[in-house]
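Note that chain A is present in both complexes that follow, paired respectively with chain B and with chain C.
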Partner chain A sequence: MNQLDTLLLISLITALISGLGRRHQLIGWATAILLTVQFLALLSISSLGYGGTVIESAVNLTILGQPLSWRFDGLSWFFALITIGAAMASSFFAAGIWAKKYKKHGGNPGLLQFAMSLNVFTMLVLLASGDLLSLFIGWELVSWASLLLMVLAGGIATQWGLRYIVYATAGAMSILAGIGIIYHLTGSFAYADLAAAASTFSTTHVVVLSLLFIAGFGVKMGLLPFHLWQAGAYAETPGPGSAFLGAISSRMGLYAMLIVVFQLIGLGKMIAVEIPFTFLSLRDLLMWVAAFTIIFPTYTALRQNDARYLLAWHGIGQGGYMMMGLLLLDPVGSAGGLLHVFNYATNQAALFLAITAVVYRTHTADLNRLGGLVNRMPLTFLVLLVGIIGLAGIPPMNGFVSKWLIYRSLIIEGMPLLFVATVIGTLGTILSVYKLIHNTFLGQLRLEHEHIREVPWSMLAPMLVVATIIFITGFMPGLVLDWVASAQAALGFTPLAYTLGGVETARGSLDMIWLCGVLFGGFGVGALLFYGGGNKAKRVHQLDNYAGGHFLTADTRYHYSNNFYAGLMHHIGGWYRGTFKWLESSLISIVSLLSGLTQILFHSYHPALFLLITATLSLYFFIG
Partner chain B sequence: MSNTDLSNIEVNQKPVAKRSNPFANVFNELVSFCRSRSMFMLHYCTGCGAIELPPAMTSRFDMERLGIQPMVTPRQADILLITGYVSIKTLKRVILTYEQMGAPKYVIGICSCTVNGGMYWQSYATAKKLDEYIPVDLYIAGCMPRPEAVIEGLQQLMAKIKTDEANSWKKYYEHYDYYLGNQQHLFGNNWQTPTDIIGEAKTYQLEGPNTLGEHTKILESVQRPLEPLEMKL
Partner chain C sequence: MQVTLLTIMEVILMPIVAFIIGLFMVLMMRKLAARLQRRVGPPLFQPLFDIVKLYGKQTQISHGMIHDIGIIMAVGGYVAAEALLPVPGMDGIAAKGGLITLAYLTMVPSLGLALGVGQCANPNGSIGISRALTSMLAYDIPFIIVIFGVAYQFSSTNLVDIIATQQAGGFSTWGISEMPVLAVAGLFAMHASLGKQPFEIYIAPAEIATGPMVEMGGKFLGGLFVMQSFQLYTASVLYVSLFLGGGENWITFLLKSFGVLAIPVVIAYLFPRYRTDDLVRLVWKWPVMLALIGIAFVMN
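== the complex of A and B ==
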């Protein structure tokens, strides 16, 4: 039993303990501490993050003559680090006072902790998978475990959860078909055999396999057009749960895609596949899918009036950046894509936790019913501010570094249109995160929020820790680029040449330490002038404010939050046509129509005839 | 209305001392110079005088070459331009706006109406002399003054600021009772603005013997305090 087995065992024990003791009062803290132990166990194999060799699990099973194996490499370690980190932050957040209130409102905090720890365990199993069969088993475990987390809240969450599982099952079928074809072609489920045989695959095989796998794994990632389930399913999960899901859950799709499509089938072959009657290769097509995955969900987020939905829609959009970076295949772009997985996870965890803190105090996430909370919850505001700066990709937070790498790579590789597409996506991100912070924390405090206070420290501490991580990894991205480089090496990419402050290449360098120095130097000079050179400051009342000379009163709202960006929507509002929703609902109608027709045929028309037809067709299918 | 006329009272003027050291006031003079050269102007366009401002601001006469720019909020503005007759309803807003400006602040009354009511002398609804309600640094008379006159007036104001003579904003704090009395006379005793002028007078250390008086007592008795809204952790 080696260190990897220890990690998986601790993870299993965590899930079991929190499952069995889910009614106990202290189970939240117990789970959080056990997750910390998992984290330490993960750190004990941290050599993987610094270019260490693959660790094979000692557990080997054979099912129906097929060996199942598990192993950890740099990529698995990188994703596991984010998984356990996100789970720790969410679990500590949920363990303390938040749980009491959640319980009072009819929730079961122990069940939430159990669902999270189960998710962590299943994700680790998926990340550790060493062949296609164990990958598929891990994949299904992750799918069902995340369903448990999604339907916890009941009500509308159950509907979203069911919608998710329909998508996930369809995706799993697609993956299963892909694995079936591979088994047919190679006679084995092992990664090595697939990698060896992949060079002999015909173009048709490459196209079919990559489409099957990308569709299957893309469902989990929320890749266009399989994204419709995600926002609602993540947003309706109880607060810390959605922070965890939002941070890492859909990245499992990316991980599996990286392993199977990028590493084993080989993305290089996709460049060679030209799509007839276009100028595009298969990879270009995927890049455009990634670009639209950035743009459409981001601009959908812009229209959301629920903070949780807004963030969840961003989760889909940011997945597009990761995909885009990795599809670029060069050291800079793939490093940007992988780094964005980490950066985005930290940002999303901070943002969801901050919004959960707001909901904890105000009982609403409706952006039209909030405002002015900065005076009441300044530290939560700070966390949200750090989070949105990171999510929008603005220095000095970490999101800037990964997006910079992706932009840089798009320019170096000579893809100006895709570059513009990603920039349009970033514009949407900036606009919508501004809406988020403006409508919740800035502007006029509502009368009913006059007496609320900052959230307790048990909730603040995890938020502040995550916010600190966002800043530190933005200030010194080299800390994460270490792990990214070994993940790149595990994937077979050329690792990026990096420094502590960023990257140094012949075609453009980035040094965040300098950048932060200049930025804070500028702020420092301003602050010195403002606080040192001016008169004594006098704080004025919020209603002592200018609105064209009006006398302001607290009962009238001057906070401009409803129909935010009306001017922008005047120009782009007509482009929101709900095409994907229409597509989804027409698919549903077709399926239900077909099933209805079959039922009529079977039940009332000619049952015997129908039975005969079915039997003949089945016989033909199986024998012929 | 109070009988005292404050328009000629000089406030807080330091006696002009013979300067032995030529560098004694270098820093103060530098601050005054800089202050006079960068001014943001909030134009409260009340009457017909407003129409003369666009040419004064735009390319023909170009106020900005003097360092004067329009500003949208009183918090960042230095000059308040009142460009015409001030009805009583408007005057409330003018006072509110004036009080929200950060010191040092300067008021310019443009057109005859701000000086003496002008052609609205007989109107029941118009304030006649602006400087009974807020201290005015400079009047630009005329019906209406042309942009050249406006620019000329602004240059005079700049000269006054440079020599540290434009101190009317101090007058408002030092003689708040007088101004408040006139305001109460016009608007009734329930009159109040959100800005805490007495508190500001203390902050600026401009609280004089005439800051408080009978009128501020009335204000105290009717004032509904705004609820405190501090930063708290």
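== the complex of A and C ==
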């Protein structure tokens, strides 16, 4: 039994303990501490994050003559680090005072902790998979574990969960078909055999396999047009669960896609595949899918009036950046894509936790029913601020570094339209996150929120830790780029040449240490001018305000939140046509029509004929 | 160590230079406006007097912590951005950041201002910010296409390299003669980014009571004044660096910077204001189209 087995065993034990003891008072803390132990176990194999060699699990099974194996490399380690880190933050957040209130409102905090630890275990199994068969098993485990987390809240969450599982099952079918074809072609499920045989695949095989796998794994990632399930499913999960799901869950799709499509089938071949009647290669097509995955969900987020939905829609959009970076295939772009997985996870965890803290105090996430909370919850505001600066990709937070790498790669590779598309996404993010922070924390404080206080420390501490990580990894991106370079090497990319402060190349460098130093120096000068110059400012009440001659009273709502970007919506509002929803519902209609017709045929008119047709078709499918 | 010390010196000097030049740019703007309106205009040190006056006001009204921090971020962000913008003889940390970083760093002051205004709890201010961010979404799209074109043309995102290449080759390698279409689009986008007429939708005194500035007085408004001088400086110097070969020496540098800024300023005082959606339509149509054509030339 080696260190990898220890890690997986601890993870399994965590899930078992939190499952069996889910009614116990202290189970939240126990789960959080066990997750910390998992984190330490992961650190014991941290050599993987610094260019170490693959660790094979001692466990090997043979099922129906097919060997199943598990192993960890730099890429698995990188994703596992984010998974366990996100779970720890959410678990500690949920363990203390939050759990009491959740219980009082009819929730079962133990079940939530169990669902999260089960998710961690299944994700680790998926990340450790060493062949296509164990990959598929891990994939299914992850799908069902995340369903458990999604439907915990009941009610509308169940509907979203069911929607998710329909998509996930369809995706799994597509993956299974892909694996079936590969087995037919190579006679093996081993990664090595696929990698060796991939060079002999015909173009048709490459195209069919890539599309099957990308569609299947893309469902989990929320890649357009398979994204409709995600926002609701993540947003309706109880707060800390949303933070965990939002931070890492859909990245499992990216991980699997990286392994099968990028590493084994080989993206290099996709550049060679031209799509008929266009100038595009298969890779260009995928890059455009990534670009639209950035733009559409981001601008859908801009329209949301529920903070949780707004964040969840951004989660889908940010996945597009990761795809885009990795599809660039060069050291800089792919590093940007992988780095964004980490950065985005920290941002999203901080944001969801902060919003959960707001909901904890105000009982609503409706952006039109909040406002002015900064005076009451300053530290939560700080966490949200750090998170939105990171999510929007503005210096000095970490989100800027990963996006910078992607932008730079797009410029140097000469892809103007894709570059503009990513920037349009970023600008939309800035607008949308400002709306988020303005409508919750700035503006007028509502009368009913006059007496609320900051959330307790058991919730604040994990939030502040995540916010600190966002800042530190923005200040010294080299810390994470270490792990990214190992993950790149594991994938077969040329690792990025990096420094502690960023990258240094002949065609444009980035040094965040200097940049942050100068930026905070600038803030220092600004503060000196402000506090040093002029009289001391006098604080006034929020209603002591210029209202064009009217007197303001506390019962008058004097806060601008509804239809926040009226001028923009006047222009682009008509572009929101719900095309994807329309596609989804027409697909559902077609399927139900077909099933209805066959049912009629079967029940009422020609049962014998129907049986004959089905039998013939099945025989043709299996034998022919 | 020598290099580090020199860089730190430059990083301190560059914002000071920028501030002084920025003040004169404000003066030029007001003088031009006055001449176009057949007035005399303010005296030489009026911008400085204004700042001193605003800071010296007896009553200073703050609407809370973030209101203060917003002003600090607005000024501080630009102080930092100036260190990324090379001037003759000083490169600062331009090589450590580059063009994209500068573009994103200049969003920090806007974000700071937006946060500060948000805390004032005045809908006029919030509407102003909503309009300002919308117009940023409008003008940043052509602006970013222009940045792409320039970076691709010089195959670098490093401003120092971009300026050096232009200066080595003389006028025929300047951005404006290599990429004239992009230069026009860039000027258009720069004009919109300055928020002057006809794009001053987020100030709009007659509709939303000067928008972001509605609750600003005393040193808060003084901070915004400082921010404006930096903003004028940054926009024109960036344009000069991208298209007019930067400054070979201080004289040509100042001539070019003031000359470039004069164009949008003159247009600003000759034309009235647009509505928000008109701005979006106009900016997404003309400069974006021009910039895309410009890129097509660059990439062939």
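Quick note on the criterion: the second predicted complex is superposed on the first by the 621 of 624 C-alpha atoms of A that agree within 3 Å, B and C clash if a C-alpha of one lies under 4 Å from a C-alpha of the other, contacts with A are read in each partner's own complex, and residues count from 1 in each chain.
Convention: a residue touches a chain if its C-beta (ideal position, glycine included) is under 8 Å from a C-beta of that chain, and two chains touch if they have at least 3 such contacts.
These numbers were taken from a predicted model, which means no experiment stands behind them.
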Clash or fit: what happens to chain B and chain C when chain A is overlaid?
-> clash
Answer with first, second, both or neither: which of chain B and chain C does A:Ile437 touch in the superposed model?
-> second
A:Phe419 contacts which: chain B (first), chain C (second), both, neither?
-> second
Of the two partner chains, chain B (first) and chain C (second), which one does A:Phe551 touch, if any: first, second, both, or neither?
-> first
Which superposed partner A:Leu379 touches (first chain B, second chain C, both, neither) | first
Touching A:Val540, do we find chain B (first), chain C (second), both, or neither?
-> both
Answer with first, second, both or neither: which of chain B and chain C does A:Gly180 touch in the superposed model?
-> neither
Between chain B (first) and chain C (second), which, if any, makes contact with A:Ile411: first, second, both or neither?
-> second
After superposition on the shared chain, which partner residues are touched by A:Glu450: those of chain B (first), chain C (second), both, or neither?
-> first
Quick one: name whichever of chain B and chain C touches more residues of chain A.
-> C
Steric overlap of chain C with chain B in the superposed model, located at which of 55-63, 199-207 or 271-279 = 55-63
Contacts of chain A common to chain B and chain C in the A-superposed view 375, 378, 445, 535-536, 538-540, 542-546
Complex contacts: residues of chain B adjacent to chain A = 44, 73-75, 92-94, 96-97, 100, 193-196, 199-200, 203-204, 226-233
Partner chain B, residues of chain A touching it in the complex | 375-376, 378-379, 445, 450, 453-454, 535-536, 538-546, 549-552, 554
Seen from chain A, its contact residues with chain C in the complex are 371-372, 374-375, 378, 381, 385, 389, 393-395, 400, 404, 407-408, 411-412, 414, 416, 419-420, 423-424, 427-428, 430-431, 434, 437-438, 441-445, 501, 506-511, 514-515, 518-519, 521-527, 529-530, 533-540, 542-548, 558-561, 564-568, 570-572
So in the complex, which bits of chain C are touching chain A?
-> 7, 11, 15, 54-66, 68, 71-81, 83-84, 93, 95-101, 104-105, 107-108, 111, 114-115, 118-124, 126-127, 129-131, 133-134, 136-137, 140-141, 144-145, 148-149, 151-152, 155-158, 161, 201, 209, 214-215, 218-220, 222-223, 226, 275-277, 279-281, 292, 295, 299
